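Next up: some structures, all given as structure tokens.
In what comes next, subunit A is part of two complexes: it sits with subunit B in the first one and with subunit C in the second one.
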Partner chain A sequence: MAETNTTQPLQTVIVRIQRFNPDVDKKAHMQDFKVEVPAGITLLETLELIKNKMDGTLTYQKSCRHAICGSCAMNVNGKNMLVCKVPLRDVAKNGKVEVRPLQYVPIIKDLVVDRTSFWEQYERAKPWLVPPEQMPEKEFRVSPEEVHALNEAQSCIMCGACYTACTVVAFNKKYYGPAAMLKAYMRVMDPRDTIPGERLKEVGSEDGVFKCHTIFNCIDACPKGLNPTQAIETLRKLAQRRAAFEAERAERLKTIAEPIKK
Partner chain B sequence: MANYETITHDVVIVGAGLAGTWAALQASRAGVKDIGVISKIHPLRSHSGAAQGGIAAALSNVQAVPGTGAEGPLEATNENGPLVDTWEMHMADTIKGSDWLGDQDAIEILVKDAIKIIYEYEHLGCVFSRLDDGRIAQRRFGGHSMPRANYSADRTGHVLLHTVHEQALRFGVKFYSDWQCLDLIIEDGVCRGIVALDIVSGKLRVMRAKAVMFGTGGYGRAFKITSNAFANTGDGVAIAYANGVPLMDMEFVQFHPTGLWGSGILMSEACRGEGGHLLNGNNERFMANYAPSKMELAPRDMVSRSEQNEINNGRGAGPNKDAIWLDLRHLGRDKILEKLPEVREFAINFVGVDPIDNLVPIQPTAHYSMGGIPTTADGQVIANAKSDPVVGFYAAGECSCVSVHGANRLGTNSLLEASVFGKRAGDEIARFVKGGAKLYNVTGDPVEKVEKRISTIFARNGKERVDDVAQELKTTMTNNCGVFRDGERLQVAMRDIKALQERIKTARVEDKSHRFNTDLLHAIETENLLNFSEVIVHGAITRTESRGAHSRTDFANRDDANWLKHTVAHKPSNPNDPPILSYKPVNIDYKRYPPMERKY
Partner chain C sequence: MYKNTGFISFVLRRFTGVFLVIYLAMHMFVIGSVNLGPAAFDARLALVQTNVFKILEIGLLAAVVYHAFDGVRLLMVHYFHLTNQRQSLFYAAFAIAALLTVAGGIPIILFAINGG
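Coming up: the complex of A and B.
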């Protein structure tokens, strides 16, 4: 049976939040808010309560509140997460929780960060499909197994939690970063894509897959449980046999409009 | 004042969900190269991406195993055999779903273009779920007589949005992220641009254009229990109304049957499309008493009413008997993990229940805005019930009202509508711009009015906060303008709205800074909610019948003799007067699809 909010006990929590408005503050500082809230509420609901009842100047981003839009990624107790999907009690076990903006990118205000470099890498990875010039009358034929290989990558919500947990990104903004690489992986693996060779050449370049230190911060940070490191590993292997992979794709594209036979 | 920068594009689009982005992509492909799209959140965070279950089109890829009935297993069709599904069947379902308030000429365009646009999405890179032979997989959805929901697991909107955004980038569309539209510039009946706020810097900008298009989304945030994102405050609808553009059929708000209990977060209709059941507090599949042929897959308005009726009659579930159970347990772990992975996570995260093993408590939740800015089927905004155009102004998607959904939208028709009519608007805008549209001068200072509005908001220093006003509005809308309505409660809602419209004038904003001021935005958005909520409630009071999602206990029957017509509401010149209503006839082909009793 489900629990209901009406009978939930209250919990008292100190929410310690990093504050910073570059127009007036010399440097960031931490501010404590003591809240008494129902035990089951999310961290986003807690921030809402603080903003609407205690301090209207607190600034953060939010939209869908069910972990699909990617607006509310923040650093909570040192770990990146979407605050809309995390129950307060899970992150405030000793009555305290610390909320900071995502790291390694400029702060716009309080918990809002400037993701410009993240989006630049996304665009640089050419996230769009480059389909064959001849379109069939109906759909290209893609097998359930081929779709399965793309499922993880297409689930990415571009929240930037992985990018801002990556220690390579921290020191090198030319690096693609895990999310853009996951996107590149998705297009490389898409049987309809006509430029996998070009893509592999780009992600195999000096800012690409070989820069990854495989320390798995991206996997720990991903709120959707995705595995960018594995995608990067696969891209590394494919980049080393680029010509063969291109030839396989050219072969696959010959039958891309025909029914798949088992 | 005049301390602002002016930006000029051939086309300015507000909103970067499916409708706005399709319009941009299509206009760009048609040769219009100077397009700017603004969005108050990053385009990929738009609410189109939250749609889960599917997008409708009669592809005929799947059918029920012959002889197994409405709940039987599905199988791939013989692709060389006869079509099992047609656009005509999709059309008939949509008209019946709309309770005959949908315009049939527009619906015909919707269902015919559906097939083309699904294939186009596929060609542009959308990763649909597939059948073994590589065709696009399809599932059942409420109110559709055939399995024609094309899907990508339970994240269909997400993959469609990413696909069209990627292609728009490929075609060089310029996006302005974190820009909020605050006003339209319409002079002498011609739209000449917008006033926008660059949220990061807090600076106002004039954006001039030959054509302006709104794809600003729905207005579900006017309700307390809602599936809608925080962003869905109907800004475009409110701005259009404030500038003398009418709103159509605003009283028709869809309540989705399966919002998570307490929050209204959506559990996709795909839960039922894949075979999930609804149980009341006595563990009975109560839909047998309301829609025996369709059961849980009756249209949303009917299922929501049935749920509310169970709850109102003491047969609700849970400790307060104010919930309904969604039962997915019999689908099994594998099917849930493969077909419904996201919604399973929602249930775990937000009500602490894993649907693989447990019943999920749900309730009706405000979900979709059937009404909006009236347009032609080419996205041209119309100025009145006679369909005179507002030159240079276009709209598509949930903020618009074409009307293809009439009094009740069928599931999977909204992603379709935003795509089809967004694309058509893009084509029409390209024709308009390439046909010699002028960049009209803006006279006077369009920023002055907006600056004054903002300084007035900053000067408010009452005891109350903006959010207190917003919460009261949402509560009265859910309680008094919800699944069931009656004249008395609607009057309560109207009194509350009028009182709240006064109270917002002193409600305090605490953040007075320019940089990324979400406190200020909340005040502006709440004013928007208050302005169009009056139109919703006034339309609901006036419409003395029950049709689709507008269900009045004091006028329980549909009344075609008096009410088979669209409500068109204009802003009155005196704010103390109610909206000025006129009516527009519904386009009906009386030979092919005459109004009939709506039974499932």
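Coming up: the complex of A and C.
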């Protein structure tokens, strides 16, 4: 049992961790670690304690420790969350907590996953701003309402918690996923962007907004409390309007060269 | 698999959808036999007049009402920005479906018991 020197009250917790070493294991297995830790410790600090004092081979990802880099997103008791943000006492039910890597993406080792598909879809959504050729002399004037609309999507830290909670992603890796579509929404709603039509065409394609089954996992999984489902619903409406307009226009083009009937 | 009310509703929606497709195929199998003459139609109809099918009718009712109200729930989310009420809407759709299944299921059971 690992212990820490502290004056804080201690709690004994069994941390059940999914282990997988591609060099040795054919499939993942669970391993229990009994730890005695201060009551206020985070789950990430608990993992660090296990790594430093009990099993140095335990592998996980972390960086900022302030819930902003998104690298420590893991599946804890079946829910995706940032382990640097969550106190152990909040997730240790009956003295036990289960930690697994993010789902629906390949495991590299233990709790580290390969996020390649997530980043591919993110890049596909072209999350960058395409500004007008004529830049204003001083600044773009964006209304407070527009800024408010963009704030939510801008708060996304790209941890992949929503993507790896999405049931559609589980079955279809070509699907954009909630994070990429949240970014697409951000740019479509951005008054400075010059290609909203192109973006709507992209997200309105077969791998886009109409593939969403409105399961809401992305909202429940987001550690920042964002709402990708609402963004997808908004993009759906806009993509439908765009498709209807294109269809009307195509119909009109069929008759544009015809002589006027008398 | 990531489990919450959204996932449960998704599984139920798929399950009831498949169930309804199977029912539709069976329905066409029975009703379509009318083209083969009265004797063939009666024979096929007799196949689905058993108590097992009476119970399955309650399942059919449950599938229809759940699928319908789940669809209404999704339309409400789509048109009225109700993502924050997602859990309440799921429970409401489920409760309405359960209520209607009970209300419609009792006459089906009574009909099966008393005959007719």
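Methods note: the second predicted complex is superposed on the first by the 235 of 262 C-alpha atoms of A that agree within 3 Å, B and C clash if a C-alpha of one lies under 4 Å from a C-alpha of the other, contacts with A are read in each partner's own complex, and residues count from 1 in each chain.
Heads up, the rule we're going with is that contacts are C-beta pairs under 8 Å (C-beta built on N, C-alpha and C of every residue); 3 or more make two chains touch, one makes a residue touch a chain.
Remember, predicted model here, so these are calculated numbers, not experimental data.
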item: When subunit B and subunit C are modelled together on subunit A, clash or fit; value: fit
item: First (subunit B), second (subunit C), both or neither touched by A:94; value: neither
item: Between subunit B and subunit C, more extensive residue contact with subunit A; value: B
item: Touched partner set for A:260, first subunit B, second subunit C, both or neither; value: first
item: Which superposed partner A:134 touches (first subunit B, second subunit C, both, neither); value: neither
item: Touched partner set for A:123, first subunit B, second subunit C, both or neither; value: first
item: Partner chain in contact with A:78 - subunit B first, subunit C second, else both or neither; value: second
item: Touching partner for A:214 - first (subunit B), second (subunit C), both, neither; value: second
item: First (subunit B), second (subunit C), both or neither touched by A:165; value: second
item: Overlay on chain A, subunit C to subunit B nearest C-alpha distance, Å; value: 19
item: Doubly contacted residues of subunit A, that is, touched by subunit B and again by subunit C; value: none
item: Residues of subunit C defined as touching subunit A within the complex; value: 1-7, 9-10, 13, 74, 77-78, 81, 83-84, 86
item: Residue numbers on subunit A that touch subunit C, as the complex places them; value: 78-80, 103, 165-167, 170, 213-217, 219-221, 227, 229-230, 233, 236-237
item: Interfacial residue positions of subunit A with respect to subunit B in the complex; value: 1-7, 21-24, 40, 42, 51-53, 55-57, 59-71, 85-87, 108-109, 112, 114-115, 119, 123, 126-129, 131, 135, 137-144, 146-147, 150-151, 154-155, 157-158, 186-187, 190, 192-193, 259-262
item: Residues of subunit B touching subunit A in the complex; value: 41-42, 44-47, 49-50, 59, 79, 118-119, 122-125, 127-136, 152-153, 155, 158-159, 162-163, 166-167, 169-170, 200, 229-231, 261-263, 265-266, 318-320, 323, 342, 345-346, 349-353, 358-361, 465, 467-468, 508-511, 513-519
